[in-house]
Amino acid sequence: MTKDWKSKLHEVIYEADTPAGKLFDVVLLVLILASIVLVMLESVEEFALAHGEFLNIAEWVITILFTLEYFARIISIRKPSQYIFSFYGIIDFLSTIPKYLSLFIIGSQSLVALRALRLMRVFRILKLARFIGESNNIMRALKASRVKIGVFIMFILILCTILGSVMYLIESEEGSGFTSIPRSIYWAIVTLTTVGYGDIAPHTALGQFIASIIMIMGYGIIAVPTGIVTAELATMDKDDVHLNTQSCPNCSAEGHRDDAEFCFVCGESLHQKETE
Amino acid sequence: MTKDWKSKLHEVIYEADTPAGKLFDVVLLVLILASIVLVMLESVEEFALAHGEFLNIAEWVITILFTLEYFARIISIRKPSQYIFSFYGIIDFLSTIPKYLSLFIIGSQSLVALRALRLMRVFRILKLARFIGESNNIMRALKASRVKIGVFIMFILILCTILGSVMYLIESEEGSGFTSIPRSIYWAIVTLTTVGYGDIAPHTALGQFIASIIMIMGYGIIAVPTGIVTAELATMDKDDVHLNTQSCPNCSAEGHRDDAEFCFVCGESLHQKETE
Amino acid sequence: MTKDWKSKLHEVIYEADTPAGKLFDVVLLVLILASIVLVMLESVEEFALAHGEFLNIAEWVITILFTLEYFARIISIRKPSQYIFSFYGIIDFLSTIPKYLSLFIIGSQSLVALRALRLMRVFRILKLARFIGESNNIMRALKASRVKIGVFIMFILILCTILGSVMYLIESEEGSGFTSIPRSIYWAIVTLTTVGYGDIAPHTALGQFIASIIMIMGYGIIAVPTGIVTAELATMDKDDVHLNTQSCPNCSAEGHRDDAEFCFVCGESLHQKETE
Amino acid sequence: MTKDWKSKLHEVIYEADTPAGKLFDVVLLVLILASIVLVMLESVEEFALAHGEFLNIAEWVITILFTLEYFARIISIRKPSQYIFSFYGIIDFLSTIPKYLSLFIIGSQSLVALRALRLMRVFRILKLARFIGESNNIMRALKASRVKIGVFIMFILILCTILGSVMYLIESEEGSGFTSIPRSIYWAIVTLTTVGYGDIAPHTALGQFIASIIMIMGYGIIAVPTGIVTAELATMDKDDVHLNTQSCPNCSAEGHRDDAEFCFVCGESLHQKETE
């Protein structure tokens, strides 16, 4: 009987196929967004000074709600450790704990520790990732091409190191911001990726000539990651099966096919209401 | 007899297959461009002061012509409500009315209301969209991949929120512009999308290191939307049918095939001259 | 006999299959590059003051050589008008004449006219385009997708007009550079294309919010032209025939297949040495 | 007997299939990264002044280790000249020699020579390229499309030369940084590649109008290299064979197939331990 109650809670929290499950998701979504807005507003000095009291209360309300959600998730799953040490379990914990810790750090502690703690609440936004779903094609394409992209980034870094060093040699005497090799490499990355802040920019004719070469290189090799992901996505599109939002009550695995009867990871039945 | 006249007007205004219809389109195109140029010139202070009289008269001439077009469109269509509440009907109304309203707001009203009203005339440029046509492949590809692109944008926003917050933690004490989390997120978006204004830029070594990571990420993940649209466009190109510019005299649906005899939305005959 | 001489000259100048033709091309290439460097150096004030005499002589030498090339091209072709009024004929004329005209404008004439004249010599760089060849796949892909790209650019311009106007409404009172609608549209283009100079940048929170939306849009819709050209290029690659650098001695048509015996435009034999 | 020892050393140094070979690679990787970090730190003035002694000693340790590696590579290969004059052989030599040369240049020599020498040590990062491997698909795609990319870059340069010259004509009198044609071309490249530093930016309305055109062009033609590489990569993916990290003990050729028994370049047996 208790189990049945837990099983229903599991369906509401971990799945989005039932009306209750959908409602839970919407409420959670709104809460996450509200909490992110709160954290942001808190960092705007004028607002924090004027509405400090309101921010504190609102933050406590949201923290308590997230605490309830955290325990509900632990209770409703069969093996709590599987949730607690999962990616989302850690995120849920890390983004809820700071407010409680802030009770103990008030006073003489350093400002940086407090700031870092407050920051952790921003990780709540990662809870949104639950709604995107892991079965997403783009993520799979990125995962499938991660080796190629890794090689590509390594190549970019080697290029930027050499180009940055050359620019340091040319421009370091000119007072144009190339004061050390790391800074010059930073500039090379800013330029190659076509960001171009302009806080550091070459002044000499030779420096500008080399900068031009870097820009055209950057403009050209942006094609490489695009080509990789496009080719990968084109392959992905062909073998696409419809997956749903169910999650296994036993091992929490997601990405089950619509016609799945049993979990593809642990073999547990996905429809337990009738059996129990 | 009257109906025949309306039917002809419909053909001239809503279609571009006859010489009269083409002429109407060209005149309309010129008028729209002229009116946009007028609105722009009005915002250039020196010009507005020197040629205020001319701008006012020209604006009235164009407004009256657009008013005539608006009523002609209402008269020539069978069910006027279908045009009035369509996207283009609302655009036509909103971009024509401001000049008339300005007659009543002269004097003590706030400058902002007047500015906002004047701005609405810029929406006339949306009338240009009529010439592009909805049957366009690119639009269809964008529509078909809107879920994927939505997920991608959500992913970008989550990333920028976290990265912006981290940068706020690192740089907020340095006087380099990271004064609040929203501003830091703004900076993260400016950097990740490779825009790079340079109004806010990291000063610390750690900040520049993280900025470099964001840039390389942005440089890499620009591949994702490209991959999505390319894959979608490649599929689109295969099943391409030739559509023409006719629009149904009954329901205004567009995108009829060249060999269509009846409207694919309401079943009305597309060639009414002979029958009536 | 004279004809045979002309025919040989034609082969040297217009084709690159014989050793003499290749040598002519290399000499021409070096001359063009040298002349471009000269024009550039002339614009660098310090250099122009120090080496004015050298620049003048070098420019005359190059101008006379290009004049000889121009007349050689006219003489060696059967129908001179075909060359004179072709794209390259006009470029050759426009880039050679300024030096001669400068003889007559010395003195009281306006500086701007002189500057514009000098500028025309830069068009010599277009002579380089001859070496790229029209039969290039990329050019064909761009040509094939020019309608789609035109629609895309029109879409960008409509978007930038509206976004620029909205930003003008929001930021014009803030002293942040949005002083008129055209300037705001310029900013919108700078932002949407991810160039991001930073000379104009939003100061208000609302302005920065809208700017963020524009950036993410720009980051996303860059995918559209890429998708178009990629799809077009993929189609192109399939039906690729090998073309050579021969040009018809009668009508100057280029892009003949390697196994072509007669011009595909006018039917003239491409191998005239034996017949005459 | 000696040969057997050399053969084992060859396997450790040039291949990564045995545990010893993998360990060697990891140690080398760490050494390269450490040495790059050292060179970078040396360029940061505050650090160099505070820890000059430490930097000098660490640099000597690394230099001696790389010297040992250099001689080990020469000894273990059958034809040392093949390694010495290979790309990596030259890199290994150039990045090791500067520290020894610095012994002789101390004193009255010019600072620039010393700087340039120190810079050469950065080339050690190219040693990392060994770990990427030449058999990489991306490199092959880039190599296969190098002619097209060359044509594309030539096209970009011609465009930037003309656009830069036009901007010089328009803006040179405005004090907006367009002081010479080369600088204007530099600006055109900065703009077309969407880098956009903002150190040079047009002030006149006409200049901003042309700048807008350049930006939209740049935004559009970025599609071209992407299209080229994507098309090339799509073709590559189809005919992919598995290659391993073995290198021929005779000619050092890499990229052997997993099932290869003999070097595909010189025909030498790849498995020599048993035969000798």
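Note that the chains take the letters A, B, C and D in the order they are written out, and that residue 1 is the start of every chain.
The rule we apply is simple: contacts are C-beta pairs under 8 Å (C-beta built on N, C-alpha and C of every residue); 3 or more make two chains touch, one makes a residue touch a chain.
Not measured: the values here are computed from a predicted model.
Colleague: Same or different: do the copies subunit B and subunit C touch each other through matching residue numbers, with over half of them shared?
Modeller: Both copies touch with mostly different residues.
Colleague: How much rotation, in degrees rounded to the nearest 5, is required to superimpose subunit A onto subunit D on the basis of Cα coordinates?
Modeller: My answer is 90 degrees for the C-alpha fit.
Colleague: Taking C-D as the reference interface, identify its repeat among B-D, A-D or A-C, namely the pair sharing over half of the contact pairs by residue number.
Modeller: Same contacts by residue number as C-D, out of B-D, A-D or A-C: A-D.
Colleague: When the C-alpha atoms of subunit A and subunit B are each averaged to a single point, how far apart are the two points in Å?
Modeller: About 32 Å, centre to centre.
Colleague: Can you work out the whole-Å distance between the CA centroids of subunit A and subunit C?
Modeller: Here subunit A and subunit C have centroids separated by 45 Å.
Colleague: Got the subunit D residues that touch at least 2 other chains?
Modeller: Within subunit D, the residues that touch at least two other chains are 152, 182, 185, 194-198, 218, 222, 226-228, 230, 234.
Colleague: Chain touch graph shape: choose line, ring, star, complete or other and state it.
Modeller: Drawn as a graph, the chains make a fully connected set, so complete.
Colleague: Which of the residues in subunit D end up touching subunit A in this complex?
Modeller: Listed in rising order, the residues are 36, 39-40, 42-45, 115-116, 119, 122-123, 125-126, 128-129, 132, 136-138, 141-142, 149, 152-153, 156-157, 182-183, 185-186, 189-190, 192-199, 218, 222, 225-230, 232-234, 237.
Colleague: Okay, in this complex, where on subunit B does subunit D touch?
Modeller: Of all residues in subunit B, those touching subunit D are 194-198, 226, 230.
Colleague: Please name which positions on subunit C make contact with subunit B in the complex.
Modeller: Touch residues, subunit C against subunit B: 148, 151-152, 154-155, 158, 161-162, 165-166, 168-169, 172, 179-182, 185, 191, 194-198, 201, 205, 208-209, 211-212, 215-216, 218-224, 226-228, 230-231, 234-235.
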